[in-house]
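Below, subunit A partners subunit B and then partners subunit C, in two separate complexes.
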Partner chain A sequence: MSTRPSRVGVQEATQQNIKDQYKEFTRDLGWEPSYVPKEEMYPPEHAEGVHFSDWDKFDDPFRLFYKDYVKVQEKKEESLHMVFDHAARYDYLTRVEATWLEGMKLFACGQGQTEYETCKDHMAIARYSPAPALRAAALYQSIDELRHAQNYAHYLRYANRKLPGFSGWATLFQNHWLYQGIRHCFEDILTANPFEAIIGANVVLEIGFTNLNFVALPAVGAANYEYAWSQLQLTTQSDETRHMAIGQSMMRTLLEEDPRNLPIIQRWLDKWTWRLYRVDALGGSIFFDYFAKNKVMSYKEAFQKYFVDDFIGGLVADLGPFGLKEPAYLQYMLDDMDQLSHVVWKYLYQRKDMLWFKTFQPDDDDREWLTEKYPDWPNLVGGFWDEVRGGRDVSNAGLVPVCNLCQVACMFQDENGPMIEGPVELDGRTYWFCSTPCREIFMNEPEKYKGAKTIVDLVLDGAMPDDPDEFLKMIGISEPGLGGDLFAPNGEHTHNGHSH
Partner chain B sequence: MARKTFEHLEGQRRRPDVYEEVTAYVQWGETFRDKFPTLPNEGANYHFPEHYKLGYWDPTKTRWKSHQWESFRDPNRLTYRSYHEVQSEREAALEAVLAAARSEHAVRYLDPEWVETLRMFFAPMRFAEWGISMAHQYVGRFSISSLVTNPSILQVFDELRHTQRIAEWTHDLETEHGGFGGYRAQWLEDPMFQPMREYLERVCVLRDWGEVVVATNLVLEPLLQRVLYRTLSDLGNAHSDSVLPHFAYSVYGDEERHWSWAAALAAMLNEESDENRATTGDWIDSWTPLALRSVEALAPVYSIVGKEPVFDSALAEARNLAADVLESAGVTGVALQDRPTVVGGETS
Partner chain C sequence: MIYALVPDELPPRALPGVTPSSSADDARAAVLEAFGEPGDLHSVSLSYNGTALEDDKPLSDYGVESHALVRAELSR
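Our next item is the complex of A and B:
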């Protein structure tokens, strides 16, 4: 029995130092089991490769308490849904730029699942991270990600009441070739160890790409009158600032602790900047450069500002003293910038009848802007769009080699022609890659990646339906007329029930 | 054309509500197989090898089998948004109770017998709550459908809530009365907590998420809630404790949700096949004896206040409650009914 403490002020007595209290709520919660082996309860392989002497030294910079969390989040939800409700009541979708709305079909049908994946992923970090502070931080993050996943579904609910193309997201995300790169990448994060997953999700995705997706892109969305979605992006971002701090403090803690962690972290940074770039930039660039009728900035400019200057610059300034260098594949990304969105847009237009959203030809205003932002645009794709304007059928449903890592079609060109790397022979199977980084990342962990089949592999195996309609149904295109060109040859919208 | 609901929810008799639209089919993979075409790339995922690090959600992660995972509906129909509406209100109510108690120095007026009782059980219970949270973190990660993941993850969060509130109020008790700081040693060594600790350690190393749901929500929680919080809430009222009954009430509301969703899930699966019913039954049979020992061992909590009659009736009521919960899941808890009444925490 301890001695009775002297009376202290109520405030002092009841309001512990927050830092101490938070420690009690995190590191103090675990215990050493005696009825089961410790390594079964806290499997040590989840610290794979990372060197650390005292996991308690980790700190969660946010020190959240449940009671504060639910109070704040409930208010955030209330204001978001007020925007949603007002938007729906006044039928705001009819006033969103028609071109942007097509982009929303692409964005919203896949975003929720990536948030949901991070929710599942962080539940495992909460359970298995060797550092107690990370467990607690990951738990809150997982709950946040559940919020985001459900709010994208809320957005889809509203849009689906009004417009086609927002209905088949569950099948599309599973089966459509355009989403396979995202699925592969996020399943890769999901099956990584907690530290690698935090580098991928919290550092590269949430610091590196978040400002592009959740700050810059909503500004573009708002310029195209998409206010509800822009609000959704911003409120999502308000949770992610917490996740960023977790990623930053984890990297710093590991680097400060032991110099042997540097090459491990550098390798994960190299890998995840490239993997997520491949997914995020391919998808994101066409929003800035094409879906936006009212353009705000080019993707090239946004990437330079938010990813290269802010993220990479900030990271190297902060952690460079520990030896961290800019990502090994950064130059490959910069080399892509002049062609990225244009090659992707052309590729999609050629396959517009296999999509659930409409694409369209750049009009004269677009061409002028694109040429100003990307002086090589006329040489790169100007001729192609002239042919489209001249009435030529440019559709191409043929098979294109798909990268065995990123699952993206090998659609890019350099001065030597189409870019493709390989073949690599492994256990009697031949693998091809869209780029050097994809090949190197694959070859670093062939055991992880070699089993996956691309959608082209499935077609060649005879595992996909031969019948074109059955094929479309399989990939989630359940009704005719979802894809195609947004504008009829006479320049009028072909959009269902939508006019400007 | 525009639709009334999403493609994957069409064909239901009733138009799907918000809960269904935002929680169903968010998780891709296996649950599509019987309703929609899935890419034939083995498991509808990129088939990273099973042994690779953390692994993937797939049908091997539980012995329960189903062709209708996406038909499951949490009877509470909670989403993130509605959960936060409910819980922020609950937390505000509890906060008001604590604020009033602090402003009136209520903790000072607790009688010594009651303080001694609280010392025995209150602070270490944070570990029990956290143990259930850890077990459900596994469920949240590996369960096969977003409809199961949703209530499980909200439960993970509920348990964190209980843990934090226990830790918080313990500080008030410790500051005023002392003797509340040895909770870790109590949890690790006091015979009263050892069966429960064993139970939770064993649950935390299960690799079948269905078994975790049954062992925690259907077997342990109803027994524990009834024996501990509910009964002590009554005794707390009798001893003028202005905090514990409110805390217990607030926790109890969460726990009722936990066993109701688990019972609804088990009922759906048991209805679907005899194999599932047998599996559920196996799990209940194998976990019930240790669950009973876990609550029987708590008898000393009643050695100062309440005494044997209160404990015995609490235990009998707990068994009835647990049996009712199992009945709502479509199974019987034989072990709950057949065991003779125990006295004073000694198993007979």
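Our next item is the complex of A and C:
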């Protein structure tokens, strides 16, 4: 009589086999070194402050084999490039709203470089994490981020053949004042220990902000006829689900393991929600509220839904039982919503000749929409735009105090007036801060931050030229006329691409 | 660097050439240069830590150091 195993038995055997195989291919890669002490290979400072008894018990929520990973990613790439090639065949950039296209010059360069910075961050985690499972997960993620960076480079390469303003992105990211906040923030993640880096990158950035950038914003892009870029955002987001799960799993594991981890995680959550808010919201908000000619939702609405309700609400509901609270600086962010995109857009317009993309004054339709979404808009910046319309020269190319943490000009205010803090003297140097959260985060880790110089510090020290033409060349503005006004006073586009 | 802060015109702007030994009049001239078109601004009043900078004494007499934020009110 046959003794074939039952179907259930085969399934169990297969599952067991996959689990063993996974262990062999990933977690068992955490061998005991014989040429160097383990402490030298994984220096203890990379687990600084974290309480965990056995790093081998740390689990990766995705038991992913490399061959399966490659197959899935290959399909994603095929889908993306099918859309790209199709769009390119019909010269689709000529159909994208001109205002949105200017924004893409800023976004694609910044996002591509940010993806590459995140790739480096995860390579560092893959190298230094004391937990073998995290090293394996971070390695996959670093490859994901490299894929994203290459896709933005592909977009820039295509756009650069069609229009000005899409070249020179490496120099712009390195030297232009507009990108220094992103650089500083991601280099902060790179130099953090792996657990702090995962709270910053996988929890706050991936869960908190990627739905804004890669789900909400593509809807706005599509409404402005930017279909290929929207597809690029969605393929990027398809990897983020895995990244989010790594972050969630790590936070829960640390909180379950030892209650002494709670204040450490809370401190990192407080810090990184603010740091990434300053970078991501500052850049993202002007796309929802200004670059979009066809507006879908305000940044304030999107932030409330995706960041406050979904991310913060979900996180506190999930991990609140362990004592985790909402981020300490959340109220600052909520208070900031009514001014953020408007003061940033005004500042960019005042410095439009130092940019590689064009800005523009809001037209009557924009003003009506902005006033509906932000009732204080007329008081905040309405007078400024009236003066622009009246022909006043509002340019401001001089030096301004720049925050020594977030690297953004000190241009924010609250109900008590300007939020600027400084000058603060520390070890013979002077520092400025745009707000209380930036000052507090800086002063919590002064040894880490005090050596960095803002672009204004570099000009004052003579490390960057103060001659306007030389300065522009150094920050990557090598061609005249890339910046400036998109619309001439008579309302015609000065953009050398197209109009609608 | 000494910066001038005009509450409605953030961020503050640098006042090139103004030092603690400059006079309040020098500082006012620098504010006019930094914030206005020629003929656009009619008057500038300055203060530092709540004290008006009214006469022609050096700014250092008011406690202004080489890195400072001076408040300015403009009338157009």
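Structure notes:
As a convention for this text, the second predicted complex is superposed on the first by the 478 of 500 C-alpha atoms of A that agree within 3 Å, B and C clash if a C-alpha of one lies under 4 Å from a C-alpha of the other, contacts with A are read in each partner's own complex, and residues count from 1 in each chain.
Going forward, a contact is a pair of C-beta atoms (placed from the backbone, for glycine too) under 8 Å apart; a residue touches a chain by one contact, two chains touch by 3 or more.
The model shown is predicted, which means the values in this text are computed figures rather than measured ones.
Superposition note: with subunit A as the common reference, subunit B and subunit C can be accommodated side by side.
Using the contact criterion defined above for the overlaid structures, shared-chain residue A:L163 touches subunit B, although it does not reach subunit C.
Legend: residue contacts after superposition of the two complexes on their common chain; A:L139 is shown touching subunit B, with no touch to subunit C.
Applying the stated contact rule after C-alpha superposition, one finds that A:M82 touches neither subunit B nor subunit C. Taking the C-alpha centre of subunit A as the apex, the lines running to the C-alpha centres of subunit B and subunit C meet at 130 degrees, rounded to a multiple of 10. By the touch criterion defined above, A:L460 lies against subunit C but remains apart from subunit B after alignment on the C-alpha atoms of chain A. Using the contact criterion defined above for the overlaid structures, shared-chain residue A:A488 touches neither subunit B nor subunit C, since it reaches no partner. When the two complexes are overlaid on their common chain A, residue A:W31 makes contact with subunit B while staying clear of subunit C. When subunit B and subunit C are set side by side, the one touching more residues of subunit A is B. Of the two partner chains, subunit C is the only one that A:L399 touches; subunit B does not reach it.
Once both structures are overlaid on their shared chain A, subunit B and subunit C have a minimum Cα-Cα separation of 18 Å. Shared contact residues of subunit A with subunit B and subunit C: none. Considering their complex, residues 1-5, 8, 10, 13-14, 16, 21, 24-25, 28-36, 40-41, 45-46, 48, 65-67, 70-71, 73-74, 77, 81, 112-113, 116, 119-121, 123-124, 126-128, 139, 142-143, 146-147, 149-151, 153-154, 156-157, 160-164, 167-171, 173-175, 183-184, 187-188, 190-193, 447-449, 451-453, 455, 458, 463-464, 473-474, 478-479, 496-497 of subunit A touch subunit B.
Residues 1-8, 18, 21-23, 25-29, 32, 36-42, 44-49, 52-57, 79-81, 84-85, 87-88, 91-92, 94-95, 102-103, 105, 126-127, 130, 134, 137-138, 140-141, 146, 149-150, 153, 156-157, 160-161, 163-164, 167-168, 171-172, 174-179, 181, 184, 187-188, 197-198, 201-202, 204-205 of subunit B are the ones touching subunit A in the complex. Those residues of subunit C that touch subunit A in the complex are listed here as 1, 3, 5, 7, 10-14, 16, 34, 37, 40, 65, 67-69.
Here subunit A touches subunit C in the complex through residues 343, 347, 392-393, 396, 398-401, 409-413, 417-418, 420, 422-423, 425, 430, 456, 460, going by the rule given at the top.
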